[in-house]
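Below: one structure, written as structure tokens.
As written, the chains take the letters A, B and C, and residue 1 is the first residue of each chain.
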Amino acid sequence: MKRHFRELSVAAALGVLLLALALCAPAFYQPQPLLSLATRQAPVLVVACGMTLVILCRQIDISVGSQFAVCGVCAGLLAAMHWPLPLVLAASIACGAAMGAFNGLLIAGLELPSIVVTLATMAAWREGLLWLRQGVWVDLPDGVQWFGLSQAAGQWTLVMTALTLLTAMAFAMTHLSAGRFIYAVGSDAEAARLAGIRPRRMTFAVFTFTGALVGLAAMMNVTQSPQVDPNSGTGLELKTIAAVVVGGVAISGGRGSLWGAFVGLLLLACISPALTFMHVAAYWEKAIQGMIILLAVAADGWRNRKRNL
Amino acid sequence: MNVQRHGIKAFLFRQETVLGVVLVLEWFYFDAVGRNFGTYDNTCDILRHSSEIGLLALALTPIILTGGIDLSVGSLLGLCAILFGKLWRDAHLPIPLAMGCTLGLGALAGGLNAALITRLRLPPLIVTLGTYSLFRGLAEAITRGVDTFTNFPASFLALGQGRWLGVPAQAPVFLAVALGYWWLVHRSTFGRSFRAIGYSPEGARYAGIPVHRRLALVYVLAGVVSALAAILYTARLGQAKADAGTGYELFAITAVVLGGTSIFGGAGSVYGTLLGVTAIGALDNGLVHALQPGEMAGMLTGVLLIVVLAGSAAPKIISTLRARKAATRIAGHSS
Amino acid sequence: MQKWFVPILAVGLIFVTGCNHSSTSSARGGAPGGGQKLTIALLPKSKGNAYFVSCENGAAKAARELGVELIFDGPTDPDPARQNEIVDNWITMGVDAIAASCENKEGISTTLRRAQASGIKVITYDADAMPDARSFFVNQATPQGIGNALMDEAARLCSSNGEFAVITGSLTAENQIEWRKYVEARRASLYPGMKLVAVQACDDLKDKAQSETTALLGAYPDLKLVLSTTSLGVPGAAEAIKQAGKAGKVMNIGLGLPNENKRYVHEGVTQSVILWKTEDLGYLTVYAACALAKGELKPGDKTFKAGSLGEFKIEGDNIMLGKPFIFNRDNIDQFDF
């Protein structure tokens, strides 16, 4: 119970929010809008899973938004050239993995600080995409949206994909040695190295894997509408980092779980629709989001303070 | 880690030197290719455009030295800008008093960051990520997104748009703040304590340094400087809006890191930050003069950042490779 | 040695530039360097927006016909001060005319006035600055005309009775604020039966417009129409309405480009898209800027002829492109932009 204090308190906060919605705006609980909301958040969840691994390793990746946009446009262009969808998916994942590997090379290979490297790649890729595409949208042919399935089937596919991935990764983190190695590298890289783990290889692998996840998420986003907006993914890094951190993953690495990130994401994703349903004006959204992030971490800090004294 | 070595080889590989060379190359390139780049008027423009980001970068330097970070400075700039506008227009305060109050409010906001980081021992990245949203959100909420403040008196606007003894009016302000931070970081005991805290907060505490008070000082100062930058911004644009300063924190961090301050803390200099600010400012300005599209600025800044960082990491990698080669040779001999 | 490096470098660079001391006006005279080619600088609100890409296509065509050099550059990040900085640089470069679409009305006027003072001709297009900061405003349609067209169309589709919501680009974009003002004024005077229930911002992101609209559809079950003042809003809202299964029950209109909306208009999800011929806007802007720089267009003129597009009326200092155009199922296929 104590170990999962943060996850439980965030879940409690989410419960309070959902309760408030049930009382003030029961219209929130309709199946179709909820499914649509879940489908829109599914790509974000996939990226948040990757971000969790990165932060567990005591690194950070603020270039995921730009990677998302680049993979999305790549996937869109290939789909527009009538490539078969599985191949487009593979290409998107490969594109993301390549960008993640580039990050990983600089961070693990040259031992440069991750916040700076990903700051640089974020700017370079986003502006590079803008330079090449000039913001023009990609029109997708019929059959790409929802993988050619019906809307309901497509939405359920995307949501279940994200949830399955989350469950699989959560299982892997606790039961597979690779998962434990990530926790080890994040807690104390030197001790991990002495124990026979190779921190730099793990870090490189984590960044590449996160890039691949971003490619998957971008493909999931592309199949949700008949056009690709090259500006999509703006703000994705902040959304996922906030969700992961609110969910209890320590920024200093080594502590936290994917389920926490999941609950954190749910909480933050519900704020905007909750405000709309409760007829609160749009300009309060950022302030409320900031307050929630601060409250979530402050509660933890208060607990730490009492413990340390 | 940046080990301070001496001698000409070490000097050549120092990040500030690499950046200085890049800056000189930039300058000559744009002078040749751009139209009217290397003129006095243009240099004044570069100074004017970089003054707010430069102030934020100066404020971030000691923070990053202590191993922390402050992502909220851009949002605080926006919040202070509209607070300044509100104090002047709606509370009818005279401009100097409104400026003073805004600086005070900036200090308070910095104090919020400081309190959460020092009292509750929260990681600065998360705290300032939260205040990044909170401050911008408050700015949007106060103005309901739509309100803007304009029609400031000409005497105030001269601060951002006019000249004082031939140099842009921002120059003396920027110079004063730069000197202040230089003194704080390089000449005072505070500065040494920042580096110590950056190397090891626990060790610094055992050495008798009042860690919490020093940290609180740098975050509060960052708040005050953000407010000052907001005032200059409003004077330069002639308008205060809730979206002022969007994205400035990332430019400021880029400038600081370009200048050689290690993001891990413990090493860095104000000179480097100034060089970083100038390099980015000259790049942005020069690309327009060279008729290059705006996207190039972002791409080149990213590339520049990686090249400069990799360049300064080069000696370490070369020595590691050499050591490895020597080790295998020894192993070969002994077997 | 390290200590003195930076001051020496700084002094050195300033010395080098000081030797190049040339005031902007003399530089401007010599800048085109021999060739008499005029330089027209076109400033969009931001790059990466298909609307401005379309304007640029028209502008480039006009530049080729006139034989002038066209500079097209704009902010790539949401920093509102970036437009000012780019114009400042153009003043130093000594361009002949600047045509700007203004994100911040008062903010940009600061630097546009400086441009005028240094002899550069200034006009605005798409989004105006303060009247004293520019000679003419190439107006695709007056803000009042746009607001009226939007509200009239909304009322027509809802039979003047019902709830509607507005999706705007950002809460701070001034021309959208002005259009909303006229929408509200029109509603208050002619259509009291229409009720505006919510204004949401989508940060000029189609995905966000989709999410916001999904929430709006749930939060306001009696919602009859979604109106977008940004071209990114209409397709996003359309997708949300389609996914909620409310196509045809909730109307979708707004300002948008035909190409981005053709699919939804044919499917009946979007009823009307209102815009103007953006390429013509760019074309007319460059012609006007060039004429102004050459002295052929003067304040007080009543008409202006722009190349192959013919004559345009000038009302006061507004060069009128025409009325807003309503694209719907019947005519949208005729256009490609």
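Simple rule for what comes next: a contact is a pair of C-beta atoms (placed from the backbone, for glycine too) under 8 Å apart; a residue touches a chain by one contact, two chains touch by 3 or more.
In this text, all values refer to a predicted model and were calculated from it rather than measured experimentally.
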Chain whose Cα centroid lies at the greatest distance from that of chain A: C
Contact-richer chain pair [B-C vs A-C]: B-C
Chain centre separation in whole Å, for chain B relative to chain A (CA means): 28
Centre-to-centre distance between chain C and chain A (centres being mean Cα positions), rounded to whole Å: 34
Two or more partner chains touched - positions in chain B: 140, 144-145, 293, 295, 297-298
Contacts with two or more other chains, residues of chain C listed in rising order: 47, 76, 171, 201
Per-residue multi-chain contacts in chain A, two or more chains: 127, 130, 281-283
For the chain C and chain A complex, residues of the former touching the latter: 47-50, 53, 76, 171, 198-201, 203-207, 210-212, 214-219, 221, 232, 235, 239-240, 243-245, 259-260, 263
For the chain B and chain C complex, residues of the former touching the latter: 11, 14, 16-17, 20, 23-24, 27, 31, 34-36, 38-43, 45, 48-49, 52, 140, 144-146, 148, 150-151, 157, 161, 233, 236-239, 241-248, 271, 274-275, 284-285, 288-289, 291, 293-295, 297-298
Interfacial residue positions of chain A with respect to chain B in the complex: 60, 106, 110-113, 115-117, 119-128, 130-131, 238, 241-242, 245, 250-252, 281-291, 293-294, 297-298, 300-302, 304-305, 308
Interface residues, chain B side, partner chain A - complex: 69, 116, 119-123, 125-127, 129-138, 140-141, 143-145, 250, 253-254, 257, 262-264, 293, 295-299, 301-303, 305-306, 309-310, 313, 316-317
Partner chain B, residues of chain C touching it in the complex: 1-2, 5-6, 9, 13-14, 16-18, 20-24, 27, 31, 47, 71, 73-82, 84-86, 88-90, 92-94, 104, 106-107, 109-110, 114, 170-172, 174, 177, 201
